[in-house]
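Have a look at the structure that comes next, please.
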Amino acid sequence: MLPAGPQSRAVYDAVIPAAEKGALLIDCSTIDVDSARAIATKASAAGFEMVDAPVSGGTVGAANATLTFMVGGSEAAFGRAQPILSKMGKTIVHAGGPGNGQAAKICNNMILGISMIAVAEGFSLAAKLGLDAQKLFDISSKSSGQCWSMTSYCPVPGPVPASPANRDYKPGFTADMMLKDLKLAQAAAQTTGQATPLGAAAESLYALMAAKGDGPLDFSGIIKMLQGR
Amino acid sequence: MLPAGPQSRAVYDAVIPAAEKGALLIDCSTIDVDSARAIATKASAAGFEMVDAPVSGGTVGAANATLTFMVGGSEAAFGRAQPILSKMGKTIVHAGGPGNGQAAKICNNMILGISMIAVAEGFSLAAKLGLDAQKLFDISSKSSGQCWSMTSYCPVPGPVPASPANRDYKPGFTADMMLKDLKLAQAAAQTTGQATPLGAAAESLYALMAAKGDGPLDFSGIIKMLQGR
Amino acid sequence: MLPAGPQSRAVYDAVIPAAEKGALLIDCSTIDVDSARAIATKASAAGFEMVDAPVSGGTVGAANATLTFMVGGSEAAFGRAQPILSKMGKTIVHAGGPGNGQAAKICNNMILGISMIAVAEGFSLAAKLGLDAQKLFDISSKSSGQCWSMTSYCPVPGPVPASPANRDYKPGFTADMMLKDLKLAQAAAQTTGQATPLGAAAESLYALMAAKGDGPLDFSGIIKMLQGR
Amino acid sequence: MLPAGPQSRAVYDAVIPAAEKGALLIDCSTIDVDSARAIATKASAAGFEMVDAPVSGGTVGAANATLTFMVGGSEAAFGRAQPILSKMGKTIVHAGGPGNGQAAKICNNMILGISMIAVAEGFSLAAKLGLDAQKLFDISSKSSGQCWSMTSYCPVPGPVPASPANRDYKPGFTADMMLKDLKLAQAAAQTTGQATPLGAAAESLYALMAAKGDGPLDFSGIIKMLQGR
């Protein structure tokens, strides 16, 4: 797992000429879609099957082999990669052709980053209005405001005992990692010409959180910034 | 159900002096929290029990008596209101003291408005990246991007057959109604001094949608604006 | 000068019945347009001429009698108010009928608040790119990025020696005051149905600055938040 | 003048090995800072002096030789480039070392893009509040809201007769060009880790304008979108 597109490109520039004939190439890095597709094209031209297979689930998922892999590549390549990835993960999804693993991850994580801030704003406003967090949780978790950020990862202590909010935002999934994924989403949005106003705003808010030194906290800790803590 | 705080204030200024002794007052309007609390204070001073009980669930919920009522008021007032509201709704929740019904509704709907735009942005970006909407749905609906806006009300046609996207965004819950609730949330945020950057951005985006004449569409139709349709 | 609409309404509810016949009423508060117009209507009904005349220029302008007054009211009322206001200010502008003094102030200050953040973002990005602040100032102050926030009130120390940036953001015009005006602008935007996405974003950013305790700093100090200082 | 970094890189990969000894290389493209610096490094390694010299001033400036060039490169390279650029432009500024011409341009244009939307929002809100555009112009152009976007390029017809608003937003400087520069600014912000929330929001708004098909209009035409026209 490499940090960004340029590193993956460089590594596969070295790997592809050196790999054994018939080898299956699996890149589990989270990188930009364009790089993933460029690497896949090179691999294919050299006769290799390849998948991009970014992962979610964090250190807990890795330890328990419950990771999710979002996989881009041909049917054949996916078929070969699946049994290997299954040893590390519980959910292995084929998202389509080359690069689509990356596309699925950044689209999902952009929705996640935005909805986490939404929940943090909602619970912060509720507190200011004298509405108890548990009450709002009881109502919204069964209503139209329901989302994973609330029901599985609530950014206020109490309603979801396992969430990082209950351990002073020890990660979990850091704000720095979320910021990285939101930057990838914005790069893709700019390249493709898609307007993503809330994705852009979420990226800015996580950049502000990182700037004040809270990047290593769990990403749900953005509620601290919203509350001036 | 009255359109806004000033109307509710005016009506209860007339109702309170004229109501029968012991009457229970139920206001199902969606209005600002301050107005709801001011009216409740006047009612209480005149010896009446009162609840604010805004509703969600739309015309379908009303026809089928499956509405949700979020109720603010004393335990005693809630106890008297519950059997009455149960004839119209399936879920009757006590959110706390006077005004808390309103607070719950605007916090929930602010989360809803933001997460709908998040989902619309995610599916729009996916389309531009060549990632099939059904694929993204299959992945995100079981992952950390999951939210009601996606799994019960998906803004693209296909994945959720009952969603307004499948009938050209015929409402449902109009963008104009969402805009009204987002304005109430912003008013509360400004009064209480809570920063809600994505709530503010969502309000602006629905205001743009209304300005171009699409306020009567379902609020999930904001995806059309994001896609330049 | 009263803090907000409700206080002005209450004071004039007391003043109007008690004022001497023929008195000219001048309200120099910065309040919401609707309140200013409601008070003016009451004054007019009672036979009084009145102007709303909010002020800008800060404590320095007050000490030196160089304030700017933006005045709303009839030609006749403005004619009577002008010589009085001239003793405190250098620029006395007639912005139109009742409430238009307030409208001019909040529209101007919304542009000001946004452009200050724009300049702060521009100079922060320049620093990260290795572009000297004085260089950017020399270029932009004579180019299409020129604005008062840059050329008269630059948020980085150096280019404009008199600006608060050179005295650790001692005000000047506090972030709390800017936030108040941006809230008035947002209230007006919501009431009139005008989308003001950057005005809304600016309000949120000043609310974040206030939440972290920097409301008493000069409003140009928002650059500290953008830079994580 | 090439459209983007990859094209400039490719052209100079061909030019550098083929150029005459002692040639001065001048790239007037507006491209990303990283590409400009990478090209300059290659040129320098091959023994060439080079400047990046992006331009502003539009087709009118080009016809009249009144363009502005923002130049990045060594003192020596700038000294050689200046007399050449002076034949096309009126203002030739040395912004610092390699890439700083690009940095100056994107920082300036990010401020410009934001302040244009600020002015458009201010005048739109004024109209809704019954405040005449000329009145707001008379007040703000001499006050703290003053900016080039207002006083030289006003987005409403009337106050500045030469502005594109008076010819139905015929460019001038298109929204598509502004969007390109805002994308470059966002790419630089993301690379350097600088939070630019209003820059990001401005980019999204111009992306929305382009999505609805108004990219070929002058960038001041964003007021039409804000007003639902």
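As written, the chain order gives the labels A, B, C and D, with residue 1 at the start of each chain.
Everything below uses one rule, namely that a contact is a pair of C-beta atoms (placed from the backbone, for glycine too) under 8 Å apart; a residue touches a chain by one contact, two chains touch by 3 or more.
None of these values were measured; they are calculated from a predicted model.
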Any chain that touches chain C and chain A: B, D
Relative orientation of copies chain C and chain D, as a Cα rotation angle in degrees, nearest 5: 180
Identity of the chain that, by mean CA position, is farthest from chain D: B
Interface numbering overlap (same over half, different under half) for chain B and chain C: same
Whole-Å gap separating chain A and chain B, where each centre is the average of the chain's CA atoms: 29
Mean-CA-position distance for chain C and chain B (Å): 34
Inter-chain centre distance, chain B versus chain D - centres from mean C-alpha coordinates, in Å: 42
In chain C, residues with contacts to at least two other chains: 189, 193-197, 201, 205, 208, 210-211, 226
Contact set on chain D toward chain C in their complex: 33, 56, 68, 70, 91, 93, 95-97, 99-100, 103-104, 106-112, 114-115, 117-119, 121-126, 128-132, 135-136, 138-140, 142-150, 152-153, 185, 188-189, 192-199, 201-202, 205, 226-227
Chain A-facing residues of chain D, complex: 183, 186-187, 189-190, 193-197, 200-201, 203-205, 207-208, 210-211
Interface residues, chain D side, partner chain B - complex: 197, 201, 208, 210-213, 225-228
